[in-house]
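Written out below as structure tokens is the structure these notes cover.
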Amino acid sequence: MNRINQKLQEKTNEKLLSIYFTAGYPNLNDTTSIIQDLEKSGVGMIEIGLPFSDPLADGPTIQASSTQALKNGMTTEVLFNQLKDIRKTVNIPLVIMGYFNPILQYGVEAFCKKCQEIGIDGLIIPDLPVDVYNDQYKTIFEKYDIINVFLITPQTSEERIRFIDSISKGFIYMVSSASVTGSSSDFGDVQTEYFKRIANMKLKNPQVIGFGISDHTSFMQATTDARGAIIGSAFIKHLNSEGTGKIHRFIGDILEA
Amino acid sequence: MNRINQKLQEKTNEKLLSIYFTAGYPNLNDTTSIIQDLEKSGVGMIEIGLPFSDPLADGPTIQASSTQALKNGMTTEVLFNQLKDIRKTVNIPLVIMGYFNPILQYGVEAFCKKCQEIGIDGLIIPDLPVDVYNDQYKTIFEKYDIINVFLITPQTSEERIRFIDSISKGFIYMVSSASVTGSSSDFGDVQTEYFKRIANMKLKNPQVIGFGISDHTSFMQATTDARGAIIGSAFIKHLNSEGTGKIHRFIGDILEA
Amino acid sequence: MTYNINEKGYYGEFGGAYIPEMLYPNVEELRQNYLKVMAEPEFQEEFNALLKDYVGRPSPLYFAKRMSEKYNTKIYLKREDLNHTGAHKINNTIGQILMAKRLGKNRIIAETGAGQHGVATATVCALMGLECIVYMGEIDIARQAPNVARMKMLGATVVPALSGSRTLKDATNEAIRDWINNPVDTHYIIGSVVGPHPYPDMVARFQAIVSEEIQWQLKEKEGTTKPNYVVACVGGGSNAAGAFYHFLDDTEVKLIAVEAAGKGVHSGESAATSILGKEGIIHGSKTLLMQTPDGQITEPYSISAGLDYPGVGPMHAHLYKSGRAEFIAITDDDAMTAGLQLCKMEGIIPAIESSHALAVFEHKKFQPEDIVVVSLSGRGDKDLETYINHFKL
Amino acid sequence: MTYNINEKGYYGEFGGAYIPEMLYPNVEELRQNYLKVMAEPEFQEEFNALLKDYVGRPSPLYFAKRMSEKYNTKIYLKREDLNHTGAHKINNTIGQILMAKRLGKNRIIAETGAGQHGVATATVCALMGLECIVYMGEIDIARQAPNVARMKMLGATVVPALSGSRTLKDATNEAIRDWINNPVDTHYIIGSVVGPHPYPDMVARFQAIVSEEIQWQLKEKEGTTKPNYVVACVGGGSNAAGAFYHFLDDTEVKLIAVEAAGKGVHSGESAATSILGKEGIIHGSKTLLMQTPDGQITEPYSISAGLDYPGVGPMHAHLYKSGRAEFIAITDDDAMTAGLQLCKMEGIIPAIESSHALAVFEHKKFQPEDIVVVSLSGRGDKDLETYINHFKL
């Protein structure tokens, strides 16, 4: 069973904290130690960002980290090299988040195959739309047991949510509000209503909420009705100001306040 | 008999030197002393320039002197005042050269009347065309015995020259070449041919050549076939560099080399 | 009775050819030939083909919906701004370059204020492969820099006029001096309905296409060839002459000429010629001009280089004197505001000259059923810096 | 077989809608409605009326006599430079603003490179009274200053894109981010035949008026609706798409797409996308783009802001791959020389983008009887400083 499913099906009251970080940032070779520290700090899942030159769904913080990572020399090949022994030390689910073009250039099948070899459990590819995935790539992903994670937003229609739920395998990535990553951290009535609405749909896949979560309060708000939440920009900002030495403290603050 | 006719009909081999200067330049009240000095230096006729803001037939030297004269405070009224006793000391013909608009504003008849009172013998108004003069102003000029001087140029047709000769009373102002005032001072074959051509027409009016005469050589060239010549820009340039004190020397140089 | 020119070259008492003898052969040659040449079918054909395929005529007659709503009247804009080179000026330069070619001239001179006429002249010279010299006041060279750059690109020589107010009047003086110095091979393309006869008439006839189009365009849109009002700014008066031309003798069509009041008609810094002017002679024509009691021509002022001229064409002097047209003077500030309003309401950046005409709606009330055609004589690309500085955008 | 789009939104293997889910509702709404809306008679009527009365269409098809003599072939210029705002871009923005209004949007965003699309968008927003935000690379803001000033005059907010190469690609990223953040009230007016389906098709259809006019204009002039060649520059590809549209499936008409070679195709400073590009995804579309082996998008370079883009529309990727169109890459220097030549020989200052297309005549020999239509996509007013500096005029 894929680690993502294992993790999310654990019978526990604990809410899942998933952390996004950009591979190769702040320094090219920080990737594995950040992953290890995150797991040790209590994080339940990790999204490893494969940096892209034109990350159009990302806000300024993640954009800047991607630019720096590319300058540092990060490439798809380098990342796979860094991760080749990751399963010797790390057990939680690992997901690669990347834009479609670098994956396409690598070759979708080669990419999936490599992910399986390394022990990557899923992919989040924001600009690979559902229908293209379904028509062209589903069988490849399944062949290598890679879960493709789909997003929904407050604008996604009920019909489409049900459809996405029907083809999803691991979890549904709920974008908290209409925004690129890194936007404001307070959830208002509109969002909580949206969270409730989705919860009430009783989908077969668990939901993990991302975008706009930055601290304990917003983490708790997001996970009231959802299985977990993802923090990205806030973690990158932490790395910007504190470096890689105090990851434990950051995660601790999120989880326990 | 009008002084212009008297002067030009004198039986003499001497060529007539006519000097143009801008009234009120270099200083507002230089007008009468310049006239007196010119007569004493041997000049045969004087053109007193009534300065105009937009002297479109004049080159840069005369333009600049006009601008300065206007700044100095020269106006039609001021000029007439300066000249009111001029005939007590000066005998040679005096001609006012001015653009039509200031004369029109003064009133053409009032202007002619005033000229007669003062003892001005003629007018040169470059932008008063022959036909307008003939149709509208001839009788006024004649009433006050003011001679209107017409210009011809190398481009003027024989027919038109004959017509202009027929209506001219004093002399014909031969523009030496196609140019505004103050252009180059050497006469080439084209000009001398033109001078000859006009001389051979045996016009009833004497011809005085103007534009481009600046020194003894060009004065002699111009007067080989013509009754006289007019110097303007070169005289203004002399005033610019030497002031009003050495007029005698300048005229001496022109006449005797 | 006609408000058009008579056979002697006068509009009422205004017009004529008050030129030095040095210009006589040139002007006379033109006078004797212009009507004959313009009537030739081959000339007409060439002229009309260039207007269509090169200039982009007909220029649209555009119903300005939002402005019409705001002012509760029917506002149509005659879009001369869409002509090649961006103003009405090219109608005239196309005509004159064809004329110059037929007269065997191979050197072209022009004066320019806003630079639009200079660009239009440089353009037709490039098109015909003729040498082109443009005189432009030093002040105008600075405030209409884009047009200076365009003239250079087009291969013209731009000569600064350094005398007087260093604006349009002085550029015109320099051009006339050049013509005096080059009487045989050179044609002087005057840019407005000014100068000695036959220029005002010739230029008006080349610009008359504007009102000719207004007639049939309005027929298409409103079922009538007659607007209630035609409004145009007046520098020398060529865009107004073109927009008025076919309506001159139809007094059912009211004509409004808008002049530049600069900092105020009586501020001493203005170019409101008809209101402030007196009869006199400027650039070879008897007309109204701003002058001292002594007959010296006054240095005008307007924020708009194309209206910054102390005279006005003899047609307009006559329209003023006879009362045929209403004359309105609009200040710099009011013109700029009207220009910015057009940007924001209709998405059209007008030349500052044209903005003066657009200001009529704040100045005068029209009836809801009135059809008001405004001559949008040019586009504002040349004026961006002036606008931006004025409004601190 | 057709070279046009199929019902799935692909040109051959290129196209599609590779968009994040956040954009799905917006893009899907557009996809479901665009053909329906465009087919409505009222839409057609409003669109055509604005093209005629506001934009000034038809744009002339001008026979360039002197150029034709020089190159011994028949050269026609399709004068999109005469459109209101000075380029072909307005054909599309007029269409899209009418679309946006019908979809109930009241906030408009756009990206721009040369600023022509930004100006054209700001213009139609002013016309309709809608809010307008334009994203523009910091580098482009500097090199196309006149267009920035125009957008401000028109009331648009110009937001600098500070990431990447700070040119068109990055402005597009920013615009997409804005759209993600404002998914309900905002319509994104893309300025070329790029982006996710249905944009490439919708923009091409709005620009198709260009080739529609070429057909009947050529019929009038040459008695045939078919040129031998149609030549257009390609940034994203919208002016080329418009000029090619009605000839796509008529292979008797040869199509030539001209890309920017910058300092040389293989200099590392170039924007010759089709030659240097590989298949991939950029801005929501599968197409050819310049990229590293690793799939990172390369920073392009061209002296011309409108061609300085690492991708190309999917229609053009297909025209390239299928061999239907010939692709030529022209360097900065050759483009500038061709632009200046047009100034001096025909009196038309072209946009530097268009100058690339004009350079075809130094690159390729045509037959005397060939009819070669060149898309003169825009005027060069925005580029004066670049030209003047380049030639030290």
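The chains carry the letters A, B, C and D, assigned in the order they are written, with residues numbered from 1 in each.
To be clear about the criterion, contacts are C-beta pairs under 8 Å (C-beta built on N, C-alpha and C of every residue); 3 or more make two chains touch, one makes a residue touch a chain.
Bear in mind that the values here come from a model prediction, so they are computed numbers and not experimental data.
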item: Those chains which touch subunit D and also touch subunit A; value: none
item: Distance-maximising chain from subunit B - centres being C-alpha averages; value: A
item: Distance from the mean Cα position of subunit C to that of subunit B, given in whole angstrom; value: 37
item: CA centroid of subunit A to CA centroid of subunit C, Å; value: 66
item: Sequence positions of subunit C contacting 2 or more other chains; value: none
item: Overlap residues in subunit B, where contacts from two or more other chains coincide; value: none
item: Topology of the chain contact graph, where touching chains are joined (line, ring, star, complete, other); value: line
item: Every chain pair meeting the contact rule; value: A-D, B-C, C-D
item: Footprint of subunit D on subunit A - complex, ascending; value: 52-59, 63, 67, 70, 75-77, 99-106, 126-130, 132, 150-153, 155-157, 160, 175, 178-180, 183
item: Footprint of subunit D on subunit C - complex, ascending; value: 52-54, 56, 59-63, 66, 79, 81-84, 86, 122-127, 129, 146, 149-150, 152-155, 340, 343-349, 380-381, 384-385, 387-388, 393
item: Interfacial residue positions of subunit D with respect to subunit A in the complex; value: 16-22, 24-25, 163-164, 169-170, 173, 176-177, 180-184, 278-284, 289, 291, 293-297
